[in-house]
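Presented below are the structures under discussion, each in the form of structure tokens.
One chain, chain A, appears in both complexes that follow, with chain B as partner in the first and chain C in the second.
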Partner chain A sequence: MNVLREIRLPGVQLSGTATVAMLVAAVVVNSALQPNFWSAYALTSNFATFVPLVAIAVGQTIVVLSGGIDLSLGAQVTLSAVAAVQLLDGRLDRLPLAVAAALGVGLACGALNGLVVALLRLQPIVATFATSFVFSGLALVVLPTPGGSVPIEVTTVYRDAVLGVPVALLAILGLALLWWVLRRHRVLRHVYAVGGDPEAAYASLVPVARTRVLAYVLGGLFAALAALAVLANTGSGDPFVGNELTLASVAAVVLGGTALAGGRGGAGGSILGAIVLALVTNIVFFADVPTTYRQLVNGAVIILALALAGIPALQKRRPAA
Partner chain B sequence: MSTLLEMTGVRKRYGGVQALDGADLTAVGGEVHALLGPNGSGKSTLDKTLAGTVVPDSGEIRIDGEAARIGGPRDAHALGVAAVHQQLSIVGDLTVTQNVVLGLEPVRRWGFLDHRAARDRAAAALERFAAAFSGRLPLDRPAGTLGPGEQQIVEVAKALAREPRVLVLDEATASLHKEQVEVLFEVVRELRAAGVLVLFTSHRLDEVFALCDRATVLRNGRTVGTVELAATGEDELVRLMVGDLPHPADLAVAPPPAGAGAAVLEVRGLTTDRLRDVSFTVRGGEVLGLGGLQGQGQSELLLALFGAARITAGEALLDGEPLPLTSPARAARAGIALVPGDRGRQGMFASRPIQENLSLASMHRRALGRFALRASSERRAARTMVDRLQIKLGSPADPVSTLSGGNQQKVVIGKWLLDQPRVVLLDDPTKGVDVGAKEEIYAIVRALADDGAIVVLNSSDNRELAELSDRVLVLFEGAVAEELAAAAVTENRLVSSALRLAPGESL
Partner chain C sequence: MSAPTVEAPRRVLSWRPGPVALAGAIAVALVIAGELVSPGFAGYGQLVNLMRVAAFLGVIAIGQTIVIIAGGGGVDLSVGKVATFAAIIGSRVMAGDDGDLVPAVALALAVAAAIGLVNGLGVTLLRIPPFVMTLGMIGVVQGLILAYTGGQASGRAAPALTSLVNGRLIFDLPGLLFLWAALGLLAVWLLRRTTFGWNLFAVGANRTAAELSGVRADRTLIVAYVLSATFAGLGGILLLGYTESVFLDLADQYMLPSVAAVVIGGTMLAGGIGGYAGTAVGAIVLTVLQGLLTTLDIGGAGRTVVNGVVLLVLLSLYGRQRRLRS
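Up next is the complex of A and B:
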């Protein structure tokens, strides 16, 4: 009966092997171009720059799995970061306070998005685009120009290594572990169910609205973790720092094989996807692309990767005759 | 035994359609109670109000004598109601186990999932049906990869795992094999013995007589009566469902004008994955109805003729010329038009102007040099159709979504009439359309046939089929089960013909 209906586009999704293959390719090309790619210093500094994108990609994954999308995650990173850096004021003893503030801001932003999407039933893409201006605007109020300082101890530890393993890599492993734990919780199961088929989930006693709100709250939590990584990496606050992270997080989710339609995928792939994206930026830098063209080439490579990623999905959806 | 469930004066309106208009139902624990009625009589809606997926506009539900407020599925669950709906609540990407426990996952401390308990619970619920999975329960397979019958069983197991006091089975046997049905009946009988109330909705009367104790019959959203099935004959039950309404006498339709010049559509052995060897011939000026239970391949047959289904065997000839059954665009060029049943999704662009919707399918006839369109001729064409179909509108520039359901449907029909089709395929054209607009659409269908077009009409409304068709093909499981010619096309005959076909039986 529904022949016409079945031809509709399923969410773009790619297999795990494709993500891993892209990661391998990116590592090979990068190590050929970047001198001392495998040296302890280069590894540490590479991983240090990866962490924020990895964290925000995990958050975006959860929102996308629930059937939504959060275009304000980057702005949430900015707002969390400037709030924390203002409280820190370069003092180590204020670190717990600043961390708590960053987490609080992320959770509050996520809750706002969740309420707007789940209760007011606005389109997620539009609603979160709108709240992103609210969050960026607030960030400018909190910290109008780049500034503020992070205690030197924090930035030092962040770029250190424990038993030869970079702290930043440990942070990425920690994020993966956090995802692994969440995955075993009822809330994430409900997130998958709501993203997969909201009506079936509703009929099956899943609290659909609450689950949607919680997905955005978790997104905000990971945005706050990304903000802390940004501060530890750069050592100061910047009211524009999160701008590029939003769309990069969506790209990482797609590269990692999570269906934009919701309900299918996971953050493991998104973490790899985030690393691939970061490596592409590296490659463009070390390939001596003139500064003016860097962004253009970067974008083109990402489009190519997304197109490659879409091929298996295309073959699967070829309609009947 | 005391009354367990009492529903009184339940009303529900969807847009222009009164689905329930004061339905009543009283049932006791420890009985299997059938809910019967023709297509669109409100059975499913009544089931859904009990399960909480539909909130009624008014009416009272009492369970154990106490007024129950069912505002959602969770309220229904708290009252001990579990339901298996026609529209399954299976999440395809979750595994079978995850589906069975969905919403009630067993958890350890702090809400972390207890996988072992979940597996145990799913295995216990599915064990009875092990034979249906050839012995091995697919507990860890994504539910979306199972066949329709298997998914239906997972849905039943999910409801059983909730240990309900009231179990609603709405067409729960629709995609089950005979052996699977037997197992389900065994389980239902056990539940009855344990004092559970089972509300059973099925189009198959033999199942109703085999399983149920009493039956409540609905017609047009209202309860007609409740009968003891042991003391009721099949004919009596069918009469209750159809009613004693006088049949329109003007139906003595003359045999179709088989004269020279009339177009002929000949379908030979048409087979798809949901149609089996369908053959028939229909002439210009004739309205061929497609009847039977819903979802027996009627829509698929229309889609196949419109080139929107994959044909595995067979062919269709229009005036002796083979039709291209490969794409809707080619079918349209060959003179075929489809008015889809789901107009919102397949038939129109709701937010675009009425004029644009009307002119879309026939643009190529007015295009200058293949691609330029002249606004004046577009307007003229649209205007003609608005007048001819008496579409009530503000301005042709308004979006289609501003029209009522009946007038929207007229736009969908009108868009194809501008293309002057030789074959018009109508898929449930008056679904969700109010009575007045229905009559006007009937007039349009008749006018089409009188102008010499071949009309093939699928309808879930038997009265509509009886009123419009010269002949009706009764479909069952994708094959033509019976052909009723002019004199035999009565609503009564259609209902009984559709209902008496048990699975495996054919004529």
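Up next is the complex of A and C:
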């Protein structure tokens, strides 16, 4: 699997091991608790719910690697999704148009973020917080209340399997492949350089501002892909759908061993981190935790996982403040 | 009447005059714009009302200022949830009875402080990045809220708390504004006149240098997170006094505005530079902006968009980072 090969990149190895260990633990616990975990139906529906978070986690990884953070990714997912679902209007022949619209919206949102962060030089955490207002407000303009419909063919194919492999799993592998290709492109090398040390990158003639813009544009691209997955999974539009994805994407990135400081890590870990996060929710559900305690257990497990993900860093030199 | 602007000690102003004065000018400009668009916007009663709304954000942002000054990527994303939780605990324990007001507030603040302690320990001992630690804490506190309430908030604000927050004192100003002014002064004193404050700025500016100079950086950071959660809890209690009854997401929406208020107030997200006076003005700016957008009556969706755009414009006025070339 591409995912596994990816995390053996130099410098990511330690955290990669921790992430894989967490994933294995989550899968073991989950399969023990969920009686039909390995059945085709459960696997398919599990993977179907993973894809949006996986996609947005890859996008967040690229932005974080460049030394930024994008708190508007969830709002971008929402805006792309409602734009696409409005154009779709339940008609299969409009699918290419809707996909193009979603991608266009994602790229445009990413470009706006990139311009704001790289050219206006605003601090990413507050700047993307501000743009998230713009995006979620526009989403409400496009689709004021949950609605719209996706052709039944799309949702059926999304939950289908090809030669026994769920389509959703193929989508995750596709995202991993896309990352793998990007990773080998000059743009991503520049992203690593800029995130690691902007001054050194600038001195080495790396186009710092352009690289930062491109990182946010790529983030927007993956947000659009997440939006398409959301639509295929839920079958309808919702102007609030992306709200919870933003912070989960950051958690997935950290669980995957990418340093929030930028320059170190990779999306392979984030993909696994996203799956771990989704599995934890599953586990808490199937562990018969009383409803009112579910979220507490979920939150506590995630904090523990975040602490574990940080342990390899502990063994190294403590980070300079 | 804008007590927090006046209270800024000279040292803060002379040391970093730009952001605070600029934010103040923006607040005044927004009020004038509001008056032009909708006569009566700058009326006394209306301004007092805006200040009252700003006070909750202002109190919650005290802790945010402290944590951000501490540097090392310091930020407390859990302030909104902690404020909500404190209000829920307070409401349930006091249950509309003045006699239980003090224990209720004490318990709510103790729980908030404990959450802050966990944040601080996670950030210092486990070296989890603050952004991630406090982000994870949102989930935990949300879980605590659900477990504590069973999904339904109960209780009521004690009449004494309500009259303390809403009751009119001098010049027809609600008690809340005097409380905010007092807490603001406390914050400025804490940052500028205490050993903790000096240590905080030292750690934020250069942690290694601070440690080599004998500052116990970890302890300072832990105290910063405890204070952040405690002030957030206090903000939640005040909000409870204002709304009288609670709901499960009472103060959640204060999370990112508290960060924005700090940034607009001129405190550097990198740490080591800033102060509370700016944050207080930042909270006023954000609230006046909200009020202006509500007055313009452009509908919920359009308001959200304009809010974002204006926030970007505000930030680009001085929230900018230095050029690489310089």
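In this text, the second predicted complex is superposed on the first by the 303 of 321 C-alpha atoms of A that agree within 3 Å, B and C clash if a C-alpha of one lies under 4 Å from a C-alpha of the other, contacts with A are read in each partner's own complex, and residues count from 1 in each chain.
Here is the rule we go by: a residue touches a chain if its C-beta (ideal position, glycine included) is under 8 Å from a C-beta of that chain, and two chains touch if they have at least 3 such contacts.
All values reported here derive from a predicted model rather than from experimental measurement.
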Discussion item. Looking at A:199 after the superposition, I want to know if it touches chain B, chain C, both of them or none. Which is it: first, second, both, neither?
Written reply: both
Worksheet item: Taking the superposition as given, does A:17 touch the first partner, chain B, the second, chain C, both, or neither?
Response: neither
Worksheet item: In the superposed arrangement, which partner chain does A:263 touch: chain B (first), chain C (second), both, or neither?
Response: first
Practice prompt. May I ask you to decide whether A:39 touches chain B, chain C, both, or neither, giving the answer as first, second, both or neither?
Written response: neither
Practice prompt. Check whether A:187 is in contact with chain B, with chain C, with both or with neither, and answer first, second, both or neither.
Written response: first
Worksheet item: After superposition on the shared chain, which partner residues are touched by A:129: those of chain B (first), chain C (second), both, or neither?
Response: second
Worksheet item: Given the touch rule stated above, what does A:121 touch, chain B (first), chain C (second), both, or neither?
Response: second
Worksheet item: Which of the two, chain B or chain C, is in touch with more residues of chain A?
Response: C
Discussion item. With both complexes overlaid on chain A, does A:302 touch chain B (first), chain C (second), both or neither?
Written reply: second
Worksheet entry | Residues of chain A that lie at the interface with chain B and also at the interface with chain C | 199, 202, 320-321
Worksheet item: Which chain C residues qualify as touching chain A in the complex?
Response: 71-73, 75, 122, 126-129, 131-133, 135-144, 146-147, 149-151, 203, 206-208, 217, 256, 259-260, 263, 269, 300-309, 311-312, 315-316, 319-325
Worksheet, complete the sentence: The residues of chain A that touch chain B in their complex are 1, 3-5, 184-187, 189-190, 192-193, 196-197, 199-207, 263-264, 320-321
Fill in: Residues on chain A engaged by chain C in the complex (per definition of touch)
69, 71, 116, 120-123, 125-127, 129-138, 140-141, 144, 198-199, 202, 208, 247, 250-251, 254, 260-261, 291-300, 302-303, 306-307, 310, 313-314, 318-321
Response to the item:
Seen from chain B, its contact residues with chain A in the complex are 51, 53, 72-74, 77, 83, 85, 87-94, 98-99, 102-105, 107, 110-113, 158, 274, 295, 299-300, 303, 308-311, 326, 340, 342, 345-346
